[in-house]
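These notes open a run of structures that come right after.
What follows is a pair of complexes built around chain A, which joins chain B in one and chain C in the other.
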Partner chain A sequence: MDISRIGASPERAEPIGVGRFIAEARRYPLVPLFVLVALLIVPAIFADLIAPHDPYEVNPRERLTPPAWSGAQYLNGVQVRPEGSWKNILGTDKLGRDVLSRIMHGARYSLSISLLAILAGGVVGSGLGVLAGYFGGLLDHVVMRLVDIFITIPGLLFALVLAIVLGPSFQTIVLVVAVILWPRFARMSRAETLSMRSRDFVSRAKVSGCSDTRVMLRHIFPNVINPLVVLVTLEVGHVILLEATLSFLGAGIPRPIPAWGLLVSDGRDLIVGGNGWWVSLFPGVAILLVVLSMNLSGDWLRDKLDPKLRNR
Partner chain B sequence: MTLSRISLPRWLVLSVIVVSLVALVACGASAPEPAPAVPAAGEAPAAASAAPSQPAQPAQPAEPMTRSEPAAAPEPAQPEPQATVSAVVGQGAIGVGAKEATATPAPTAVPAAVAETPAEPAISQLRVSRGPTTRDLADPIAGRGDLPVILPMFEGLVQFDQYTDSVSMLAPEWSANDDFTVWTFKLREGVQFHKDWGEMTAKDVEHTMWQERRNDHFDGRAATWRDLLREVVMPDGPEGHVVELHLNKPEPIMTTYMSTNYTTVIRSKDHWDANGGVMTGFEANDAGIKLMANDPIGTGPYQFAEHAEAQYLRYEQPAVTHWRKTPDFPELRINFVAEPSTQLAQLVTGEVHAAEIPRDLQVGALSRGMVVVLGTTPAIRLVGFFGGNYLPDNPNFDASEPMTIPLVREAMNRAIDRQEINDVFFNGRAELMMQTHSHAKFPGWQPSWLDTFEADYGYDPEKAKAQLAEAGFPEGFEITQLSYPRPGLPEMLDIAELVADYWREIGIEVDFQPVETAVYSSKLRAKEVNNTAWLHTGSFTEPTRAIFVYHYSGARSPRYESPFFTEKYEALEIAATTEERDDLIREMGENCYEVYCSIPLHWVPFEFMINPEIIEEWLTPGVFGVRDFEYVKAVK
Partner chain C sequence: MQRYIIVRLFQSLIVLFAVSIIIFGLARVSGNPMDVLLPDDAGPEEFELMQQKWGLDKPLHIQYFAFLGNALTGDFGRSVQHPTREALELVLKRFPATLMLAGLALVVSIAIAFPVGVLSAVKKDSMPDYVAKTFALMGQSAPSFWVAIMLMWLFAVQLNWLPTSGRGDPGIDRFVHLILPALAIGWYQVAALMRLVRSSMLEVLDSEFIKLARLKGVSEARVVWKHALRNASIAPVTLLGLLVAQLVTGTVVTETVFSYPGVGLLAVDAIRNRDFQVMQTIVLVFAVIFVGINLFVDIIYAYIDPRIRYA
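For the complex of A and B:
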């Protein structure tokens, strides 16, 4: 008899709607992974090859061409919007640049900013966290108070101030996001280290003459890394959103680089005006799908890596 | 097959399809509607060809230096309504099915001396939505940028009419001595300040000239006044109706400086004195500063009622019948709304009756019955500048920089397709600019520019590349291009980005940097704009001021300086005849034209949208934005 079935109601109702979708997605993580690959990773790596147009090529006379399937729009017999064209499947922006190509190239910036910022924040945060957890004492106090201070600062506001002071650029965004992220890695790695350092295998390592560095690198860090990996996957979505938000607010990636947030910002007025809804909508959908997929993948990964959740 | 058995990938596909369908329906992907003629993308929604891009017309005769108001003044001349929609305004109201409404520039119009009978509007409060003001201040020291929110409350001795001609306002007559160092203004009698602060007399003009020189005045013109104005004399005493302005140097365009367009508007001295306002030198005390900010008193058709910081200004009719114009709407409220889409929402939902809607959003309002209004003048001067062109003895000047070389500047001008900019962004309604500070309407115009412009500045990227090579930059060079928002031209960023692309096409590597206006201003003042180009907008005003601001080395932040401009502008300042001034301005214009001192682009009419169910007609020059509220005709 399957012990896991004891106490479970055989007539338990299946979740429906969004809940079911999420449950299914957790059970089959390949779908969000596929979305990630299709919308983020492949375009980011192969944008130069697969994008139909140069994302920077302006064509003013074809500005605000709607998506391919859209018809022309008329107002009292006067055309106010041209017919869509398969030349620009997702339409063009205010300068006639191809929206699809810009989304594809924008994925490159979103992905590279995410990876670099998480790498920087993760290395610094995890390192400090392990050190603080392992040595304790004054170092632990100093690091944790720093973490407390950074966590209490409103992230977006802090990012805005830093971005404005340093000037909008790719490097600035990476730095800003890394500064925001490191406390989360520090806190998690410290907590895991604390639970590890009193374990028998750590004591035995010390007794056998291992240095502190060796103990941390060979015995503690490998046991801390699982939750950190989960955190990384969850933070990718967060970083993409943060980058998009900063770019939307004009403090992120500078024009004319096709960062996703900037693409959404470029067309936000046109949504209400009704004459260019596609300029913002498609980059927005790309952000939504990628962040959602990344979060679902992170959840799945957490379940798989956590022994307590692995068989649920 | 039940829904629960659908496998996950199908779920995903279904979800995406549903989301896409909802988005399509919500966003209105419309079915094609047959049309008799299908213009190309980028053409105007309606009546776009009303004013094709064309050069300005030849100059008109110069203004006389002495003038007086006729005994019985007519109403301001207005164009004959020709549009099929109910609103006809400015150069043309463009609405659904509207025809071109051509405005014939009227002869210099003078406001009526006799008050009109108050109208009966459908609503009592006219509500207008516009972008935030620069200073968020009801005090005239806010400066020209905030003129539209100052003008409902205040009047000047002289005003610019709908076509920016100087006409009388509070001064029916004026005259100057032979060398333009003494200007005498006769004041209109019986004009009352709001809220029972008495009749406007000579002492109020003198008080105003002190206010104009306040240290906390936001316009650089306060310094100009300090240099220029020596004394205000009141021959008939403080309660009289004559003032003489004695100047330190000749100033033939004094009526321009004394006009409403320069915010030289008359304030009440009694109101200032009674409420503790004190001037120590040019320093106003706190009581005076607060008084003018919280309870400004003028003689305008509306009086101040309420100011909600960064939200709105509310005005109401004064208790006494106004001497010049009783507005159709007893109340006026100007909302400050940064987001154009919010302004659009306010307009179509009836929350406001007029709003500054960018051209790209106008279709959304047109389809809901709103109407586009064009100003009566090409109100916005769209121009570009080449940084680093300081005087040669300036330590920041570097002659090796590409943009200090005229041939490079010519190439960068030739790289720009002005017609494309006009067609794409302005629906062909803008006028081609021949040269930064000149327009056919103003002194110093050179008619030959009309014939030579295409040959000298016309779009020719191949020739531009060749010129760069000839100048020693066959591989191009790197520059920084700054871009910052400008009121009245929401397309500024896109146009600047397009210009950057034109330059990239001829091999110039452009580092495009959108910045806040304050960042640009501080760089400009510090002369740290080497190897930097940028687009800018100014207003449609007499060229002397533009020459001073853009080219005179003694100004706070000139864009292109040269010993030639310094010499000629200083000669202009003391020129004693209209002809001499005209020649000097023309000489400077020709020099600017020949050395490609700037990037002349377009004179752009100001556009805004109104609700034709509330507003029948709105005639305004549109300089500095939505204004002239007292002349708005209500639908009755």
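For the complex of A and C:
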């Protein structure tokens, strides 16, 4: 026996076939990605096809049906809650609308609002950040002071004021979330641009006659995009939570659209009254799982693309 | 130091100035400010009075100074919802309730997050560490309003230990009504704070001076709670400043769930009734407090760490 091998871990044979596939697959955050696809992306695209019921269909006779597996409830011999049925797997709300179908359709709003808001906030924020970092001087000063101002004020308050002025709607909430997001993108892209500006390849590009626009678009932007992509994935979770919170407070998507925050809000009074826990519970679980998976995937991508950010 | 304080004070004033411009601008860009500032059933004399007081027939910059002057003297106009009440009066009346809630939530979260974070770092990769890490991850992913509703469901409806809503009568009843809301707000804060305490403890525990302290024979408890924690608490203390912003969000959401009559609930009522006067008052009052706290934290911070003063 070779004495240098004592205490070392036994050598493993290179896995082949299925084993190799599993070993490869384990490098990716499979469970979170699966949850995201199953709970967010598929319902968002195919809600019309896979939802068992129309999310707006009011059905007074089946109001407050509990989830399929729960039994009837009696109080002093009088039935106060019917038995659950497989027709409405996750039960119905106080108007008899199917909870599962409403959650599926709600995924659409969560996904589209987050994507649009991040796109808007990301483009404006990183654009301003690159400009500020590249040109410096007064422009830099103005942009960074604006960033400071927007970061100091709690975003929710801004959102509530805007909701009053513009009235709650899809466009308002996208705008509100974008307004809250852009400073973070501006800050990060400015910092990255500053570190690029003095690099040799940038000055050489300038010497060779590239215009400022070309230097920014072709030479600087491709080099700052990695941390921005990571920021996007880390922010999606926040944005979904923010959207849900605003809708819950009545400052987001208006009723009767089944946004997730509204679904939880619908169940609040039922819980206080003690006659229906499922209306709030399931949409909340959907938000929790999606945000959790988003955060886990974001962490993974960050370690992959930009280990510098790990302690942020 | 003096110079630093003056510069920071000046910056704070600029932020407040900007907030006032934004609020003023929002009321004007939305079309006729009368639509936002007056209730739908306002009569012509009310209209006239409003026009004069806020200088609405004058150019915009004059209007802004009228607005600023009124705001500085504490006149934010009357509530649309309760036309007989001053907006500021409504907000200030609700303020103690919110302050109590936010204060308790902050105390609870510091009292939980620091010990648990330290323990989780010291016993890295043990069972308690996994539990704490899972809690932190879940805490930051769960929507706060949902956590609040679920807490209410479990402890108030199912177990019937605590009241579901309201503020209660003065005395011990007040405190009983505060427990669930404070926990609901604290949940998120604990998660965020604990994670940071854990990671900065891990970093410090790995450093040379800790090894030296151990070599010298300092007891393990003293190494952890004195030598390490002191040095590890710089980052978490910075986060506290940010957590105050989170507290504002937390109170708005939690007060809505528990029908707790604080400023947050007033804000949500203001949205429902499109009561701009009340909302702008809340935002400005919160902005002043918030900027004030940040200024305070920064000054304390510069006092502790001289590198910041001269940066």
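Please note the rule applied: the second predicted complex is superposed on the first by the 276 of 312 C-alpha atoms of A that agree within 3 Å, B and C clash if a C-alpha of one lies under 4 Å from a C-alpha of the other, contacts with A are read in each partner's own complex, and residues count from 1 in each chain.
Methods note: a residue touches a chain if its C-beta (ideal position, glycine included) is under 8 Å from a C-beta of that chain, and two chains touch if they have at least 3 such contacts.
Computed from a prediction, not measured in an experiment: that's the story for all the values here.
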| item | value |
| --- | --- |
| Which superposed partner A:G250 touches (first chain B, second chain C, both, neither) | both |
| Contacts of A:T152 with chain B and chain C, given as first, second, both or neither | second |
| Which of chain B and chain C A:W277 touches, first, second, both or neither | both |
| Which superposed partner A:V165 touches (first chain B, second chain C, both, neither) | second |
| Touched partner set for A:T65, first chain B, second chain C, both or neither | first |
| Chain B versus chain C as contact partner of A:G136, first or second or both or neither | neither |
| Partner chain in contact with A:R268 - chain B first, chain C second, else both or neither | both |
| Touched partner set for A:Q79, first chain B, second chain C, both or neither | first |
| Touching both chain C and chain B, counted on chain A across the two superposed complexes | 250, 268, 271-272, 274, 277, 281 |
| Residue ranges of chain C touching chain A (in the complex, touch as defined) | 11, 14-15, 18-19, 22-23, 26-27, 29-30, 36, 137-138, 140-146, 149-150, 152-153, 157, 164-165, 199, 245, 248-249, 252-253, 256-257, 267-268, 270-272, 274-276, 279-280, 282-283, 286-287, 290-291, 294 |
| Residue ranges of chain B in contact with chain A within the complex | 4, 8-9, 11-12, 15, 19, 23-24, 27-33, 35-36, 38-43, 45-46, 96-97, 339-341, 344-345, 358, 360-367, 420-421, 423-424, 493-494, 497-498, 500-501, 512-514 |
| In the complex, chain A residues that touch chain C | 145, 148-149, 152-158, 160-168, 237, 241, 244-245, 248-251, 261, 264-265, 267-268, 271-272, 274, 277, 280-281, 283-284, 287-288, 291-292, 295-296, 311 |
| Complex contacts: residues of chain A adjacent to chain B | 14, 16, 20-21, 24-25, 27-28, 31, 35, 56, 58, 60-67, 69-83, 94-95, 250, 254-256, 268-278, 281, 285 |
